[in-house]
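Following this message is one structure expressed as structure tokens.
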Amino acid sequence: MREKLIEKILMLLAFSAIGALLLMAIFIFKEGLPIIIKVGIKDFLFSTHWAPTKDYFGIFSMIVSSLFVTTGALIIGVPLALACAITLAEFAPPRLMSILKPTIELLAGIPSVVYGFLGVVLLVPLIRDYLGGPGLSLLAASIILAIMILPTITSISIDAIQAVPYSYKEGSLALGATHWQTIRMVILKAARSGIITAVMLGMARAIGETMAVIMVAGNALKLPISPLDPVRTLTSNIALEMGYAAGDHRAALFATGIVLFVFIMIFNVSANIITKRWRRE
Amino acid sequence: MSVKIDVRNLSFSYNRQNVLASVNLKVETNSILGIMGPAKSGKTTLLRIFNRLCDLIPNIRIEGEVFLDGENILHPDLNVDKLRRRVGMVFAKPVPLPRSIFENLAYGPKLHGIKDKKRLEELVERSLRLAILWDEVKDRLHESALKLSGGQQQRLCIARTLAMEPEVILLDEPTYGLDPISTLKIEEALRRLKESYTIVLVSNNTWQVARISDNVAFLLMGELVEYGSAHEIFTVPKDKRTNDYISGRFG
Amino acid sequence: MATRINPVLLQRIVKAQLWSLTGFIIGILLFIICFISIKGLPQLTPEFLTSNPVDMGRSGGIFSTILCTLYLIFVSLMIAVPLGVGAAIYLTEYTRESRVTYIIRFGTECLAGIPSIILGLFGFAFFVMALRFGWSILSGGMTMSIMLLPTIIRTSEESIKAVPYELREVSFSLGVTRWQTVTRVVLPSALPGIVTGIVLGVARCIEETAVVIFTVGSSLRLPGSFFDSGRTMAVHFYILAREGISMPNAYGTAAILILSILFINLVAYYLMRRFLKKYAIVL
């Protein structure tokens, strides 16, 4: 009957997300796998020589750059975000909170290209003048990414901290602990899973960010030695060269996409497993 | 007296837990059957079998037959939507739809094809009068139903069921938590309604069951302990457990 | 512990440091908004908003980019909303938790984590090249809809789940079918939450650059149909900024980008508040 038909249609719609995911995986693999086979996976992943015009396709320096940029962003961003979250969730009066929390969430909506632009106009000259190097650097990318992921990590951490039952806090204070001791030993432990989720979301955003990084990272094909070196991440590489790549070169960019895709899938799956284990505790 | 609902050897379980065991009873047409018993006896489940709302529970097993006017309503091919138009239900907690009073009552009829505005208005007025709510709301039919008091909302729910022009009305603890005046009004409405409808009432409140039922069924832990006219059950109960329950030795 | 710092003193120190850090962070974020506003708002004259870019954007306005952005939003929503809300309805109303729903949810979550550049890559390989749609708003819309899908499914599911179960029971007890119950009782009550998800999707369309460049292209022509290429505001800003074409215009574009996204987020926030308030009163 009509109801059965509606149910079937809705089921098809529900599978659209999976369908899109599979389609994407198939296409990217189809375009990129041949070149990985041709070059050999060891050479592709671990050679630092990327010169598409001469048929050299090694993405190692870019893998390293991506890792460093993301790690840098987390090192800078996570402590700051947590400090903010703790201050707002525990120390700020409710009225201030009701203004500041939405403000932070709104700031999560600033487009990445705007962040990149401001990075170029304001941050890069600062680095160049006071720290040396060309300014367009690993450091600049990490700082910009840190600022970009701050609102996300902060607001989700605030939610996690506020979700801790009030009785935990009451109990600790009743035992004579100071507010800060309570935060450190009771609240943060209880909010751990939520905070970790927040950090993971921030990390996912940092890994996938392209536009801002292109604008401030310098895009040089070297293995970074100091934070002041210009770098090129995996995502930047794809974005920069896709416009004019052809043949094997294009395939190599898809292959880079495969690497990213696989990495994200692994990341997602492990994040899933970890959050499930936390929840069981 | 003719039989409206005939329950034969009805057993019900969900998630492997037995809820009802071999229940046999008959509901007479145009009468009020009061089903009483302590908590978790299966009273609400029995009620929900009458309009097949039990289908919404996962992992169920039903055995036996339930005949409505001679037709077995447990048959898997039965059109449950049609059944539920004939057998209406009022829940323990009044649940008005987030709409106006008029729209609450017109919701069911409209979806079953009644578009004529005049007919809807007549239907709404008639149902509200039967539920003894008309005088209180006739001037504010288009206000939100959520503004009514608890007792009024419950009468609204009764009226909403009546708007479907059912044959049977099922009520699950309809006056639970309501003030005495609303309770009296609802009981009075039920007395009047039994002339045209068959009513099955579940109640934890033995006094209420004694007040308004024609027949009474006493359920204890899924078993139908005793069934008979209200007069018999409350004056000369045949089973000791019935006697104990009525006298309040457990409850 | 042998030597202890007085815990109360420690708390004061920590509190002071945390407050100053927080102030610093909020200061940076507010500075960003103020900076763009000061440099960009003066650019937002009516002429700027209603005239087309001239000379590769060196002068003129940004009208064609505004139009292109609106078209992109339209196509993306046209695809993503029925798919997303339909999926959410199926997951909540028509099935119980089972292996099937687990797979669907897992797929949706994975999709949510895919970086935009990979989506851009896919959109380019599939819609632009393989299906031969070319660089077009259609290609962009279809790719963006994939990006919006997880968010819409998630927010729709949550708001549908928040509708009290009793409302459905009441509807069924009146002999109303499941689909009718969904469309007449559940969806109207869940609407504010669903719209919030849609609004967030709109914000995504406005700010997304990587996906758009690879699927819609960057033509400055006024798009006439969905098969045309075009340039959205975000892409225009990126090109202006990167190539250093026109600083004032870049700031102006940035200002309007931020303004529209802030406005949209405010709308979403307000809707969520109304949604929560509604259910605090009812049951």
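As written, the chains take the letters A, B and C, and residue 1 is the first residue of each chain.
The working rule: contacts are C-beta pairs under 8 Å (C-beta built on N, C-alpha and C of every residue); 3 or more make two chains touch, one makes a residue touch a chain.
What you see is a predicted model; the values in this text were computed from it and never measured.
Engineer: Hey, which pair has more contacts between C-betas, A-C or B-C?
Structural biologist: Of A-C and B-C, it is A-C that has more C-beta pairs in contact.
Engineer: Centre of all protein Cα atoms: which chain's centre is nearest to it?
Structural biologist: C
Engineer: Hey, which chain ends up farthest from chain C, C-alpha centres compared?
Structural biologist: B
Engineer: Just how far, in Å, is the C-alpha centre of chain B from the one of chain A?
Structural biologist: 57
Engineer: Take the average of all CA coordinates in chain A, do the same for chain C, and state the distance between these two points in whole angstrom.
Structural biologist: 17
Engineer: Just how far, in Å, is the C-alpha centre of chain C from the one of chain B?
Structural biologist: 48
Engineer: Pull out every residue in chain C that's touching 2 or more other chains.
Structural biologist: 177 - these are the residues of chain C that touch more than one other chain.
Engineer: Could you list the positions in chain B whose residues touch two or more of the other chains?
Structural biologist: In chain B, no residue touches at least two other chains, as defined above.
Engineer: By the touch rule stated above, which residues of chain A touch at least two different other chains?
Structural biologist: Residues: none.
Engineer: What does chain B use to touch chain C in their complex?
Structural biologist: Interface residues on the chain B side: 51, 53, 56, 58, 81-85, 88-89, 91, 93, 95, 97-98, 107-108, 111-112, 146, 157, 160-161, 164.
Engineer: Could you pull out which chain A residues touch chain C in their complex?
Structural biologist: 2-3, 6-7, 9-11, 13-18, 20-21, 23-24, 27-28, 31, 80, 83-84, 86-88, 91, 100, 102-107, 109-118, 120, 122, 147, 150-151, 177-181, 204, 207-211, 215, 235, 238-239, 242, 253-254, 257, 260-261, 264-265, 267-268, 272
Engineer: In their complex, what parts of chain C are in touch with chain B?
Structural biologist: 96, 164, 166-167, 169-177, 180, 184-185, 188-189, 281-282
Engineer: Which positions of chain C touch chain A when the two form their complex?
Structural biologist: 7-8, 10-11, 14-15, 17-19, 21-22, 25-26, 28-30, 32-33, 35-36, 82-83, 86-87, 89-91, 94, 103-104, 106-111, 113-122, 124-126, 130, 146, 149-150, 153, 177-179, 203, 206-210, 213-214, 234, 237-238, 241-242, 250, 254, 257-258, 261-262, 264-266, 269
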